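Have a look at these structures, which come just after this line.
You will see two complexes here that share subunit A, one where it goes with subunit B and one where it goes with subunit C.
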Partner chain A sequence: MSSEKKPYQKVAYYPGCALEGTGHAYNRSTKEVGKALGLELDEVNNWNCCGAMEVKNIDPKIQTYLSSRVMSIAANEMGHDVVMAPCNGCYHNLKKAEYDLKNDADSRQVVDRISSKAGHKTYEAGQVETIHALDWIKDGIGEEALRARIKNSLKGLKVANYYGCMYTRPRHIFPEKDQGEGSESTSQPHFMDDLLAAAGAENVDFPLKTACCGGAHTLSDSDTSTLLVLNILRAAEAAGADVIATECPTCHSGLEMHQVRAESKFGYTSNVKITYFTQLLGMALGLSAKKVGMHENISDSMALLKQKGIA
Partner chain B sequence: MPIHEEHLIRPENLKTHEDLVIDGIDVSGHWSTFIESRVVTDYNEALEEEIAALPGGEFIHRCWQCGSCTNSCTVNAINPDFNPRYWIYLIRVGMESELLRDKDIIWQCVSCNKCTYACPRDVVPEGVMKATAHWLELKGHTPKSPSMLFDEEFSEQVIETGKIEEGRIIRGFFKRTGQPLMQDWLVEMAKRLVAKLPVTLLVKMGLASVLRPRTSGWSGARDAIQEYVDEKQAEQRKALRLDELVEIAKQEVKPGQQAAAE
Partner chain C sequence: MKSLDEIGAVLQQSGDSGSPAAVAADYLQAGEDTVSHWTIGRGFDPTDETREGFRLLALHRQGAKGEPSFNACRETCRELVYHYNLVTMEPDNPDIARRLEMMRLVAMHLYLFIRGKMEVSGLGEFCCASRPLRTGTEQ
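Coming up: the complex of A and B.
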């Protein structure tokens, strides 16, 4: 398995819409971590939105087209065979499009029809491999090499690793997962745990790793989302976590927003902090808090990081 | 067709006699509570086909009622009335009137895909929930849900420009749903955000909100997507016989109108 894995030294980078807005800190910390690790990112030219969790409810095949266009540009215009998407939504949608284009003739026909009218080459299944930022570092660098580069250990920091929904579900669109040793697990994902452990963090036993934050309805059904986020915050605190590490801009801003909302609507205050895993990793690699955008988070972890001797 | 499980034991089906004496024994009140018998006749035999004609509902026929979807459901854990297994059953047997009892909560599916992960028959229950919520709206049983209004705002921006801008989505959504933008918790969050974000980023985000990020050369894709969406929506209207229903409704309105005129 590992011998077939591509080296991820230079990959196409698909940041997606959220990383240009509320997920800005994730964008900049991902790029900084890449620089620090010598992994090169080549942003997809003139990319478009993947459709997130919304367009599929208007029509799923439009969503397939949107993702296929991004992969088509990466493969046909830029010559890449790997696309890295740090956002769970983008990552999920590219994976889903790959699956549908491989297995469903109707999807192929619709994508071909729209692609030719739009004036670009139709993406064909298998042209690129879509990976998440977690795969990128885990398989591109590995824990041992990462451990050797840690300048500022996260020792003493208790972390709950939160992966959300779209990174592992549904299983069939992630054929490389659940393949035994070295592969990611869809029921008990561990790539983020592995990377942060290599950076010195103490991962707590967190039962809600793949629970839902209600991100799809964060504005349309806010009370439900707040209840779901409250479950996650409380479980992380009960597990003894100082901080929840995230790997998705929607989950991250959902946790931050509803932590504030839980306070103002339900009078529930929680002390657990929320940071992107790339921010923690970046600081462990010796980057400043500012460089990884720690100050851009609504959830303020600076006092905690100072207390732990990390910042 | 069997009469359905738990649902005869609803408050309105319980009959309690306050004063009842049988064979000289007083069985008033609690002791004389009976479940009224009922025969269901209003099946909609086309219901499963209609749901299957909408995106996401295609595989509903595979369900064998194991209940893994409801057991794993995120929303069910906070609202026991949210029961995908049960709704799939009602749709398959055509019990439309029973399904309509829950019409106001079906849209609350958060698309976490735990059901789709757990389902041993590839029903894709998450898709069935979306198709059912959509069906309720198309048939006029419910107004468009906040979730659908959000999806429409979002999708229209993507189709038009190739990208979205979050501030614009939020403003557009609150406008569509008639809610004030100044929700106290949103204001609180914006305050915390503005206090922290670097000025250059705030300026950039403000500009993006006005100028709108766009994918260049998008018009070909935009037109092709719109054409496809229009075709699909016409197909769906046909599958649900919406135009026929509109005609029938017009016919039914006429006698009433005449009476009113007289």
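Coming up: the complex of A and C.
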């Protein structure tokens, strides 16, 4: 960890809408992993939707405002200088809002006007640093300290780490990435690989780790979404993976639902399991499967985890 | 240049016939043809230039001009090139069948992504997350 990095021992937590719905297991496992690692999460008071994706398509500046409100509450009402968002969509949107407010006077004007009407302080660029759950654990704990706390190694578990498309794109809203040793890469992200390797897992070479999961197609063209997911599942299996680890609730839901649909629509059965990386880390830290919400996944990995001696 | 349906048919085949180099060349060509359809759809003549020795990378760059959302398949193009190199530089590697299969799946992903993007473009925006970045509606 570089000396400029913050320790992230106590951060504002912005779960976002998905983690209260389909991504509940991600919410649960993130909180449990935080507790197990001694990292404190302080949930943002009265948080709102980040504006993804619907609002952004109607008026992107309203999305900038919505994301800025979350950061304003964290900074101005709760005194935080770091906001952790585990959802790729929320993370991306807060980063984008930060970029807009730093670089676009019109965005600042709109955000100031709406913030005044809403009765809260206008968020100023630079008041908080937005991080992902991967940054939180990677920089808040680090691999060495994580390795020392592992009670139940993931040894023998072959993992394809799937980051999705929004964690690294577009590059310009993630100025901290691609900064050399210790920083995340936008072309070959590795933070999830690093953490799961520290927990004992064997990461496989997975060429589609940042490829589109077809999430945007889900409603307009479900077959294309299913085929894209099917291809990801097949690639993970061809790479020898037992499990695809995810770090985004939308990708995770898409992989799970289209895995089921791939079987019913195209007759393709895949055996690879899908879990959140926080669920795997939690179990490696000695938490029970129930505590990390394994029973909430559609993709049932319990038999596999028992076979590997993890559950 | 093959039609999108013909490209799909090539990529449905497992690639267990022919030399590894020839199969890899077919998959790379499928990638080039797929991206060429995208560039033609956007009103450009597909470039014959190369970047880092590969036409596919030059085509991707051309396809992303003024269309930042197309960068969502940049790494897929680079993975395809990587697998082409992997297969052609070590055609006798004992893992060659798996490498070819992985290359096929990477090419298939590029094909599905671009075909879907082209199909949906008539109905609105494909990648809603990046729409404002692409269209400049923030300005």
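Please note the rule applied: the second predicted complex is superposed on the first by the 310 of 311 C-alpha atoms of A that agree within 3 Å, B and C clash if a C-alpha of one lies under 4 Å from a C-alpha of the other, contacts with A are read in each partner's own complex, and residues count from 1 in each chain.
By our rule, a residue touches a chain if its C-beta (ideal position, glycine included) is under 8 Å from a C-beta of that chain, and two chains touch if they have at least 3 such contacts.
For clarity, every value in this text was computed on a predicted model and none was experimentally measured.
Could you check whether subunit B and subunit C clash or fit when both are placed on subunit A?
The answer is clash.
Please indicate which partner A:Pro60 is in contact with in the superposed arrangement: first for subunit B, second for subunit C, both, or neither.
both
For A:Asp221, using the defined touch cut-off, is the partner it touches subunit B, subunit C, both, or neither? Pick first, second, both or neither.
A:Asp221 sits against subunit B and subunit C alike.
When the two structures are overlaid on chain A, which partner does A:Cys49 contact: first (subunit B), second (subunit C), both, or neither?
After superposition on chain A, A:Cys49 lies in contact with subunit B alone.
Using the superposition on chain A described above, determine whether A:Ala239 touches subunit B (first), subunit C (second), both, or neither.
Touch partner of A:Ala239: subunit C, not subunit B.
Identify the partner contact of A:Asn297: answer first if only subunit B is touched, second if only subunit C is, both if each is, neither if none is.
In the superposition, A:Asn297 contacts subunit B only.
After superposition on the shared chain, which partner residues are touched by A:Thr22: those of subunit B (first), subunit C (second), both, or neither?
In the superposed model, A:Thr22 contacts subunit B only, not subunit C.
Scan A:Asp104 for contacts with subunit B and subunit C and give back first, second, both or neither.
The answer is second: A:Asp104 touches subunit C but not subunit B.
If we overlay the two complexes on their shared chain A, which of subunit B and subunit C does A:Cys165 touch? Say first, second, both or neither.
Both: A:Cys165 reaches subunit B and subunit C.
A:Cys212 in the overlay: touching subunit B, subunit C, both, or neither? Say first, second, both or neither.
After superposition on chain A, A:Cys212 lies in contact with both partners, subunit B and subunit C.
Once the structures are lined up on chain A, find the stretch of subunit B hitting subunit C; candidates are 9-17, 45-53 or 81-89.
The segment of subunit B occupying space taken by subunit C is 81-89.
On subunit A, what residues does subunit B touch that subunit C touches as well?
Overlap of subunit B and subunit C footprints on subunit A: residues 52-54, 56-57, 60-61, 165-166, 169-170, 211-212, 214, 216-217, 220-221, 224, 227-228.
Provide the residue numbers of subunit B that touch subunit A in the complex, in ascending order.
Within the complex, subunit B touches subunit A at residues 55-56, 74-75, 78, 108, 110-114, 116-117, 124, 127, 130, 134, 145-152, 154-155, 158-159, 162-167, 170, 173, 177, 184-185, 188-189, 192-193, 196-198, 201, 205, 208, 213, 215-218, 220-221, 223-225, 227-229, 232.
Touching residues of subunit A toward subunit C in the complex: what are they?
52-54, 56-57, 60-61, 63-64, 89, 92, 96, 100, 104, 106-107, 165-166, 169-170, 187-188, 207-208, 210-212, 214, 216-217, 220-221, 224, 227-228, 231-232, 234-235, 238-239
Within their complex, state which residues of subunit A touch subunit B.
17-18, 20-22, 24, 46-49, 51-62, 65-66, 69, 110, 113-114, 117-119, 165-166, 168-171, 186, 211-212, 214-217, 219-221, 224-225, 227-228, 256-257, 260-261, 264-265, 295-298, 300
Using the touch definition up top, name the residues of subunit C that touch subunit A in the complex.
Where subunit C meets subunit A, its residues are 68, 71-76, 78-79, 82-83, 98, 101-102, 105-106, 108-109, 112-113, 115-116, 119-120, 123-133, 137-139.
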